[in-house]
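The chains carry the letters A, B, C, D, E and F, assigned in the order they are written, with residues numbered from 1 in each.
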């Protein structure tokens, strides 16, 4: 079900069955002192793989491993690509899938910074307008917020993300116990966004557990399956 | 040694030691009826990881998983991004690494189509000119040609590539025994490049073996280590 | 206090006092059967003018009268400019003001579509990064939501906007009494966004009154004054 | 007749009658010590409104309030947008009007700097070539030159412009009586164009009167009506 | 004095004397039934060469042989490049000359269509702003108009141009005797500009003579020498 | 047979016979102490003219006289245009010729730097994909390598190029007798490429003769005729 491990002829056979293709879009971004830089890649790759396992006729494309970052761009380990680069990648991939006969594409972004989200959105809109192909775009981050765990002040690399990585790749999670307070929002456009996130993470990470993470991950997987079924009007 | 599994603080500690960073650049491309679409990702990721294991102070960045394709673009499974997208990614990553304190970057491309190679090259040149950062750019494909196995008419998805994947991921190699003949080169710019490669691969793949692949892979790893030591003027 | 009515020498004298400049950013967009196409221009121009009247040393620049539209783009009367055009205008104006000695700019957008907002944001970010000038960017729409009138299902051209225009330009408001229901959100990227807004407006507009509008407008003006004082760290 | 004050349904009714739409294009530009920065907005808005009043089935769109400036760019109060931004706005608006069913657009520019004029022209040409829509582009400045008042050495913010603003917005005109001499033209491309215009205006402004301005304005309105009738081949 | 025939070391020696460099900019454009497509190349190359012969320390760069065309673009033989291409060439050449130590460049355009002229101008302005290099930009066409021969209705491929080519390359001039009338100017932006020029040329070409052409050419050469001396402030 | 010397009607008559058009693409580039800067223009112009003389129905377009340079860009006399400019020129010319009815275009590049070659290639590919026009792209440099003269270490401005210019324009060749050694290739992307070419040329130029040059030129002409016949499938 992972496209990268298929041969040309495997892919051809799948494409002939009019599949749904999920493109996981990750990031290489500082996630506090305790989570791996690939946190935003690990999460959507896991979710996409699970959705593909549970939903018929659904393939996973190779992940995009880089994103646009703003507030964390100067923290160690964050590698950022520009708005226009993100937009072009999104456009090119949707068009290329469509030329390959795939007209139902899901882009699943692990990183949900507003610039990154709108860059992908703009690229997808252009492709949809030009071809009529069908695209769902969402971030598992936004869906995890609906789950309602860890309190309102949870944020980047906080209790939710720590729990989720504990459930998927516990070997990559460092041990910390100091919760990080929240910061006040302003309307200033910041030259150095890192001042918003003095500790590099936000939330009560001391409450993070693998069980909670597994539960959130499962919620996300099932929610996305529901969204795909609804928005692509699949027969139940 | 894989950046994506490091935390922010791991990366900081590494960056303070002035590391070399290798970015493996893969592709999702039809490789005949027998090789996986990720062939050009699997190869440079393997090579980069081995180089990093054998050469001190060398890190591997998350791979870029998509490339620009021309002759195979209409074959099932090939997903292509445009020249300008490739060029922007290369530029953005070199600049982003440089801003993170990395001024010795190696880009290692699995796919060696001429458009793809020149797109990466142009992006790197711009970054080098603007910053003075040091960049080595090469393709393991070109180095594998120097090894001299499989005859002059070996090519895309041929005996060399089949051997190399047999050595790394034998579970992904299909069984075929029909060799594919070569095609005549012309100076025409083709609208549909696939006519150059009627079978989708080229060479005597019946001669491919895992042992040969392991030997080629090892040759590539050692050659690249030598190139890095020479071009970055490392003390022996 | 309106820049367009100043002479060169008036402006020079103001600029020497290190002023704050507000750029109202409007739109020409279908706002249901009852509101004028300039609704999103009338609102921020009114707000900017009031802020300038109440807050010392604050000027209003000529409004930008066009925006990027998505869901209403095919409704009669909507005139849209592209994402890149919006982004360029934002960048150019912030840079031009900065070259004129203005390093505290407020962009106040009447239209708050997500594409439009992110286009302005991206243009401002680029200018801020290059120059260090200070920029506040907000939409009076988002602040009107904080006021909490008209219920959760109020939306485009609904009770809030109708009330606000009734308070500013009652002569331009048509009479309607049919409330418009809400629509279900999906993650599909729509080729024709107007299906989201079948009536072209959303909310209980029968409850709109000029008094409510005046109250919301005043709330917005005072809130923005507070934001400017806080984010630009003005002495109280 | 002003589009911004129409509702969606008003516009729809007008568009069904195949209207002509005039887009006034203004500027925020230093106009000597005596004229308002909005001089080049006030003039085409006035003219467009008058044409619309006298010529059947003619609408006025919201003005574009910013232009590209060269020689005055460093004078206090001039706010400039770039060549490519102007070109994009022109293209986007002509296309957007055409998508709304308007295929006879008039762009009326108050500012007539050569860069600004050619930027609008290039944007319009692209839109015309792609769609076949009909566009008239002119500047009231050029037509005012045909009127033949104020002598050959009249120029920027000179006797003609001062007279015209005296006729429209006398409250915004400062009192000065020193005429400004002319400067010698060269073929050098100037880094700082303001050296061409040492006083920031050019001409015998002591001869400016509201009566002359009213007469010039009327001449422009009638001339433009004639041009529209001729170039769009309206029945007399 | 022609750069293309110099060696590297010849150029170095010249560049050390702080030379003026003239770049002739030609075109491949239909010029009626009687003049060669290279008409707009032949003229500025001749003029530049003559200026270089008469004015000390002045070099001629290889000509640019293509231009942007509008009204003649669909006539047989016209080869056009786009606005942005022209602008980029102008920018690149001025910058490249400046990097070579040449800070007084003259661009001499044979073709004087308004789009072409403004494209070169915009490219030069950008280069001048970024570097401070000195650039004179003019068209020999505009100077030939000042000479005052052949009447007011002379135009493209008319009596002036025919005379000039008769003086330089009489072997390339076909024989025709039918004068072509003028056409009425409009403000419409034309999709097919060739309707403006039904015969493909304009003027009383029956009056063209080699003597007149020689005289015009000489006038242009001397005028340009005067302009260069004045605008670059050369000692007499 | 040279388009620039044809009139509109000559061109029309030729175009009606479905001609092949060769565009020679030159350069202004330092070629050691002994060869003219136009070396890479003189060669393809000569070759194109000869091909046109020997092959029926083949025209030569005006040459493009500038190219993209990398390793020689800082040597005296090299004038470079950017990658994107080269790409745009190639695209524009192929499209413009195609609009003129020419659907078999040959681009013949004298300069064969890898960036320049790929820029032309990318421009041609885009034009071919959009229109289906037929394009052959080659460099006479590459073909001269097949001839096999002057040894393996011959290179830029070496024995082959010196011989070729001795055969075409002996008056422009300076006298030198010191051969220049070769340099070691690396994978580093160089900020200043001139370190690769310390003498500015490479090879045993003491062995260059006009006879050898004539022979190489003839080989190139005949080889290109063969390529055109083969790739455009001309009847023998």
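We take it that contacts are C-beta pairs under 8 Å (C-beta built on N, C-alpha and C of every residue); 3 or more make two chains touch, one makes a residue touch a chain.
Values in this document were obtained by computation on a predicted structure and should not be read as measured data.
Engineer: Shortest hop count from chain A to chain E along touching chains?
Structural biologist: When the steps are counted carefully, the minimum from chain A to chain E is 3.
Engineer: What are the chains that chain A and chain F both touch?
Structural biologist: Where chain A and chain F share a partner, that partner set is B.
Engineer: If you take the mean of the Cα atoms for each chain, which one ends up farthest from chain B?
Structural biologist: Farthest by centroid: D.
Engineer: Considering only mean CA positions as chain centres, point out the chain farthest from chain A.
Structural biologist: E
Engineer: Which integer distance in Å separates the CA centroid of chain C from that of chain D?
Structural biologist: 26
Engineer: Compute the distance, rounded to whole Å, between the mean C-alpha positions of chain D and chain F.
Structural biologist: It comes to 49 Å between the two C-alpha centres.
Engineer: Could you tell me which residues belong to chain B and also touch two or more other chains?
Structural biologist: In chain B, no residue touches at least two other chains, as defined above.
Engineer: Classify the chain contact graph as line, ring, star, complete or other.
Structural biologist: Graph shape here is a ring: one loop, exactly two partners per chain.
Engineer: Given the touch rule defined above, the chains close into a ring; going from chain C first to chain D, what order do they follow?
Structural biologist: Counting round from chain C, the next being chain D, yields C, D, E, F, B, A.
Engineer: Which chain E residues qualify as touching chain F in the complex?
Structural biologist: Listed in rising order, the residues of chain E that touch chain F are 3-12, 15, 26, 28, 30-38, 41, 61-66, 74-82, 84-85, 88-89, 92-93, 96-97, 99-100, 172, 174, 200.
Engineer: Can you list the residues on chain B that touch chain F in the complex?
Structural biologist: 70, 83, 114-115, 118, 121-122, 124-125, 128-129, 132, 134-138, 186-191, 227, 230-232
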